[in-house]
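You will see two complexes here that share chain A, one where it goes with chain B and one where it goes with chain C.
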Partner chain A sequence: MAELVHLTIDGRPVEAAPGTLVIDAAKKLGIEIPAFCYYEGLSLQAACRMCLVEVERAPKLLTACTLPVAEGMVVRTATPAVAQARKSMLELLLTNHPLDCPVCDKGGECELQDMAFRYGVGESRFAETKVHVPEKQFSPVVFFDAPRCILCYRCVRICNEGLGVNALGVVNRGAVSEIAPNRGDHLECDECGACIDICPVGALTSGIYRYHARPWEMEHVGTICTFCSNGCKTTLGVRGNRILRGNNRDRSGVNGEFLCIKGRYAFDFLHHPERLQSPLVRSGGELRPVSWVQALGAVAERFLEARARGGRIGVVGSNRTTNEENYFLQKFARQGLGTGSIDHRRTGDVPALLSALAGRGDALATVADLYTTKAALVVASDLAQQHPLFAFQLRANWRHHHARVYTVTRGPVREDQYSVQALRVPPGGELEAVESLAPALRKEPELVILFGGGIRGAAVQRLVAFGDSLGIPVKYVCLVDYSNSRGAFDMGLAPELLPGYQPAPNPGLTLAEMLAAPDLDVLWVVGANPLREASLAAEKAFVVVQDLFLTETAARADVVLPAASAYEKAGTVTNTCGEVQRLRPALKVMGVKSDLEIFGLLARAMRLELGGARPEPVFEEIRANVPGYGVPAAVLATGGAAQTCPAAAPEIPPRPDLVRPASDTLFTSGTLGRYSKVLSSVLEFPGELYKGAGE
Partner chain B sequence: MPYNDPSPLEVRILTRRFGLPDSASLDTYLAHDGFQGFERALKLKPEEIIEEVKLSHLRGRGGAGFPAGLKWSFVPRSSPKPKYIVANADESEPGTCKDRLLMEYDPHQLLEGMLIAALAVDAHAGYIYIRGEYRYLIEILDRAIEEARARGYLGRNILGSGFDFEVYTHTGAGAYECGEESALLESLEGKRGVPRIRPPFPAVAGAFGCPTVLNNVETFCAVPYILREGGAAFAALGTPKNGGTRLFCLSGHVNRPGVYELPMGFNLLRMIHEVGGGVWKGKKLKAVIPGGSSCPVLKAGECDLPMDYDSLARAGSMLGSGGVVVMDEDTCMVKVALRIMRFYAHESCGWCIPCREGTMWLRKLLQRFHDGGGTRADIGLIGDVAKSMLGRTFCPLGDAAAMPTISFVEKFREEFEAHLDGRPCPCERAGEAVAV
Partner chain C sequence: MTFSPDLEARFARLLESYPPGRRRSALIPMLMYAQDEVGAVTGEVVEEVARRCGVTPLQVDEVVSYYSMLHRQPQGKYHVQVCTNISCLLRGGDKLYEQASRKLGIGHKETTADGRFSLEEVECIGACSWAPAIQVNYDFHHDMTPEKLDKLLASLEKIQ
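Our next item is the complex of A and B:
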């Protein structure tokens, strides 16, 4: 650690590491130096000139955002000259800025509004005609209103530097300079909306949210995105029982302010007109709406009857339901229904990793590790397509800390832009390629290996053995596909596994075996759609489906119970790194119940003693009983992410055959993704860049 | 562009080959002391070359007047990175037209100057960044480069010395901003021509992030003489700390406009009257812009002064790029201020707020004022807006727009007042002295 530098800001002494910028040093003292273009984590711009300060012995005002601290430096931020400079910058900024705050989306949370209020003069001497340019639509989700733009270049930088997408730039010059999309009149990009979020004014607005509400009219509910397995926190803006927007401006959660298109916009599935809002029971060959009492009664009756005669019951769990629901479901199946046939669609071989690590909990990387590790190796995954937060984290690590990233993939990936080595391999050739990197990797001080669903079973063992052979600290991330895919394994949604990767005494059928068993009596599917790709052999089986929509599987069901989505319930989910985070309900949808509530009602109808079916007691039970889940409750309660530490999975025969990664792209997400209008509108939008090859 | 008739008062150092038959050819250049400076430089140590340039008191001819030798000495010779020589031929300052002549009539002098700089800092590649409007010069320069390569004055193992140096021409796309050194480098690298945050300065991190010597064409053109005749000889031509001669671009309302090479410190009034043949049509002198449109204007009474960097700074203006614009008694100064601001509003790159919005605002304000829509408060506002830009913009373009505007308002306030209340421009009767 280098010697600290001592300086004085507004007469108060402060010390800072060499290289610290004056604007940041002032923050330590609680002194705000206003700025538009300065943005933590992005390159310096010095374009807005709002942060001009007086520095002793400097002939003119200097920009605090580009000025590194120096020993003995004397900075003044509260002098008449500085105040005058701020006033004139704001006056200049407002010359062409339309004063349409009352109809602007940003009104109420606009940085220009705040600054004008705090530092401005209150009136303008500009009596000329303002430059007007008509509004443009860049993409289904991005609108651009040029006159409002103050050209702080934040959007350009977050897109180019943060995402590596390079979809935004500047055309023209002078007062008619304009932010422009990469394809002339439209954007071809990740549609992540980071540019909209980062815009300090209302220049870039969201096609989903614009003209819908004022920020103060909404409830802001921080919950976890229900799509991929990265576990981003998204803050949903809710008004009138409708989600109007998603963002994460408070930078909380594992993702900071990052969100991809799914976290930011794809919540719209829950308002889809095909959303089920009443239980359906098949009568006369057709599914007809009935009351909850009738539907639950029908299910309880058949479940009891099947259990009584020792029939074959199969239970399929979900990649998106909460840990509490998954835990309760396996308990329901194993204790209540007496069946060991419980499974889910496996998207990555987590048990293989845990058994290879043999209890070394510290070898599991967290999302934060991706930002700090000195080196990372990405195997068989296109992070930008399937794990956008991780792609962002690794890139930020490279930008800020010069992390050395290696990739071993089938096709080109985003990380190629900066990776030190990018190897292209045919399917199955990954391990050989990884092993060829050994001489380079041995020289790294530490390594995080991220591997996709293509690496499973023995390959995982081989990968861990390779990691062990490097002689450096190595951490792993087994990439799975959906928001609680990891939790599904952790909670024992597998015939061979009890919660916490304990071996199950009487393993029942796997998912594939259930579908193939001609004598299956009951199939209970919770939040999954196995019949999308397979058929059910047992034609006479009684099928119960809990889902949001009439999926291919629900269409075959005898009873369909409308379920609540992740945004409508409480509970916890575990991301692919094993970090547990809490969901908070954002709204209620009429007619639906959370899966946990449905389990509780069914248990009661069947007179089963399974304990209280509410999230809190079930989570307490998980914390007490499931190895690795003894996480501090306070961390979760305050919105944090708690890393779990699963024990070694002892002697489980690996089942690589059951792992079937979903190969989603940035704009698809299993069955659920089909019901998001935003995702489909983006898919239909012209553009070749992000159709995705899949890994 | 045809070269104007020379004046007997000129001291022709850089322009001595102008007017010779086939002056752009290597043969003519060699026949008139060509590459002798370089041959002498080959015998010197790099530090000695730089010392010679320091001794000459050669100051940057682009406008800022930074001592060239000092600039070269900032280049870390021991850096493992490649080093570059860049000639700023983006001559865009209104009133300035000297570099085009230097390139058109004596391109080899520029190449030799760059070559000597390369030797001094151990660079092996150089770029001539030519403004887009000077496209025809690219052919001349490319031909000269080809000729010099063919005869061993460029390329590998130059004159058997073991030193390699290549020169490439690169065209700008018509942006004034790209004459600013860091914006020029961005443009040279194929990016949008916007200025960079400094430090680091180009000497440390210039073209492609590598140490770079970046000088104006005229600055490089002075180097062969300095090496051939010695720094002291060059310095002796001018005034203290202002070495050598300078190409002044005399334009406006004079009888004999043109580019004249005069010693530093030449009296401005003499330049107008004796070199330029006096103000045209027998009219009286009203004002002079002494160094290109960025420089504060001088009233007729302020013009009896030596033309060097320090004297003009004392007079509250700048020597700038040598563009001397003479204005007669019938010139409307509001119109001049407007014409100049139109230029800056058009050329502002848009990077920083004060320049982008300030130039646009001033242009609209001056236009309204000139059209007779101004109020007394507007006169103060023009000065205020210009002052809110001054010293606060990202690069000097904002200052370049603000400084002359402030000077027009301060020095010719009565002309602004004459435009008030919808009164027609009092100078209009003299016809369109300035085309807006």
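Our next item is the complex of A and C:
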């Protein structure tokens, strides 16, 4: 590391690495230099002049946000000249800015308001009429109110640099400059809302949250996004038992501030009018609402009866339920119902990766690794569509550390903007293409390989063998589709695997086999919708479904039990990298129960001894019993992400035939996506915009 | 869209004159030349130049809307640009602008019915040392006076 530079700020000595900006050096001392346009992680803009400071021997005030520290530099931030400069800057910013904070959506969390309060003057010398422009709607998500804009360019930079979407710009100049969307009068973009959250003022507001509440009226609940497998922390703003917004301004979680449209806004499925809020039992051919006692009694009776006569029972678990629920469900199936037929819809071949790695836990990459690795190879996945956080991480890594990214995909992907090599291959041809990159990859100091669900079975083995042959440290990410797809495998929702990838002694039917078995007696489906794309051969089977909505599968059920979503419960989920994080319940929905609670009640009704069905004891059991899950409890308790380290998957025959990636896009996400009005209201839904890309 | 062979050749040279990865630097000259040939920076020109420079159409719009010498509508055959920025203003630029406006019967960013003249009040054109200054198309006219302006306009009238 280069030698530290010594300087003094407001008379206090501080040392900083060469290249550090004065504004950041001051932060180390706890000295705030006010700033609007400076934003950590984005390019320097020096547009607002709010950060002016006095530097000894400099003829005029300098912008601390662009000034690198120098040996012996003497900086003053608390002089009359600086105070006066701040006042003047604020006076200028307020020239055309409306002074109607009481009715502005940003009121209470507006940086301009705060700055005016701390550094401004109470009056203005401008008597002229303010320039007024009517508010515009750029998309169902993004609204723009030009007069409030202070032209800090944060929105433009997060969209162009951060996401690579390039949907925002600044047109005109001077007092009539304004933010413009990429399609004339509207936006065609990722609709992620990053521009809205990063806006220091009320110029950009969201169609979802605007004018619904004042920020201080909400409770803020940090939990994990329930959509894709990347595991972003989303902080839900809750008031009166409704979620009003999602964001992650405190940068907690693996995602920092990043969220895609799903994590930020698609929580609205929760309040969908078709949400099931009462158990249903089929009588006279129709599903009719009954009490929980009746419904659970009916299920317990049929389960006991089927078990007693050795009937065939199939259990299908979920890609979205918690680890605790998955663990308990497989225990329920295997010990309580005596069936080995338990499975889930597999979206990536995690067992194949773990068995190929043969216990090398350190070869599993984390989300953080994507930001630091020197090189990355993306195989058979369109990250921007299916793993938005990873696309953002890799891009940030390239922007900040010049990471070298290689892609092998079916069609164009957003990484093409900066990747060092982009190979286009038809599905099935990926491995050959990957192998052709060997000479280049060998020269990299290290590599993270991310691969989609198209790479499975023997192909995963071949990929790992290829990685091993490079002679450099290689880490892997097996990309799966949903928020707890990884946890479903880890917790043994597969006939051949017990929790922690231990071989199951008596493997039962796979999901496809259950659906095809004409003599199946009971099918118990938890948070899944297999009958959307397949039919159930056993016409007489007794079908129990736990879900949020009357899906195709639920519509065929004999008993439907209304379940709580991830935003309504506690527990843990594991992202596609294998990092466990904790869910926190944000609210309660009338009439529903968490799947875990349902399992517990059913177990009691059946007099099964399966242990307490509450998240904490079940997680303790997981920590104690599931190989790889002995993670530090403190990390989870404090809202952190703990990497699991599963043992080697056993030598079991690979089942690539069972892996069926869901092919969701940025704007779809299985059942939940279908019930989100926000997702279906954006022009880009269902994601046709990027047709032909990736896997 | 294609341009005349001359312009195509010029564009090709332009794109080569910047370091690799800096194609976007050709943006402003390209827009100027395209405007001269097409008559205005039309939507089609924006799309085309964006494609050639490797930027988004919105990024081209940012530039077009920023620089007053780029026009979305065709200008008159003689585009009279009167500077009223500070140096010129102090030396009567605003009076010259009013005079031109009266003479031509058009206002800021307007074009005469016969399409011969258009008028624009512009910011500093970098000729402060010879203020007040007027620019007609690409020609500069320095140290202007009301008489010189009358003569200038009359001489332009005469050219067919």
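Everything below uses one rule, namely that the second predicted complex is superposed on the first by the 683 of 695 C-alpha atoms of A that agree within 3 Å, B and C clash if a C-alpha of one lies under 4 Å from a C-alpha of the other, contacts with A are read in each partner's own complex, and residues count from 1 in each chain.
Methods note: a contact is a pair of C-beta atoms (placed from the backbone, for glycine too) under 8 Å apart; a residue touches a chain by one contact, two chains touch by 3 or more.
Since the structure is predicted, the reported quantities are computational estimates derived from the model, not experimental observations.
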Combined model on chain A where chain B meets chain C, clash or fit: clash
Which of chain B and chain C A:V170 touches, first, second, both or neither: both
A:I224 touches, of chain B and chain C: first, second, both or neither? neither
Which of chain B and chain C A:N182 touches, first, second, both or neither: second
In the superposition, chain B vs chain C on chain A residues touched: B
Touching partner for A:L353 - first (chain B), second (chain C), both, neither: neither
Contacts of A:L441 with chain B and chain C, given as first, second, both or neither: neither
Clash with chain B, by chain C stretch, listed 5-13, 23-31 or 41-49: 23-31
Touching both chain B and chain C, residues of chain A: 169-170, 172-173
Touch list for chain A against partner chain C, complex: 166-173, 180-182
Interfacial residue positions of chain C with respect to chain A in the complex: 56-59, 61-62, 65-66
Interfacial residue positions of chain B with respect to chain A in the complex: 175, 177, 192, 197, 345-354, 356-361, 364-365, 368, 381, 384-385, 388, 391-394
Residue ranges of chain A touching chain B (in the complex, touch as defined): 44, 46-49, 52, 60-61, 66, 85, 88-89, 91-93, 95-96, 125-129, 131, 150-151, 169-170, 172-177
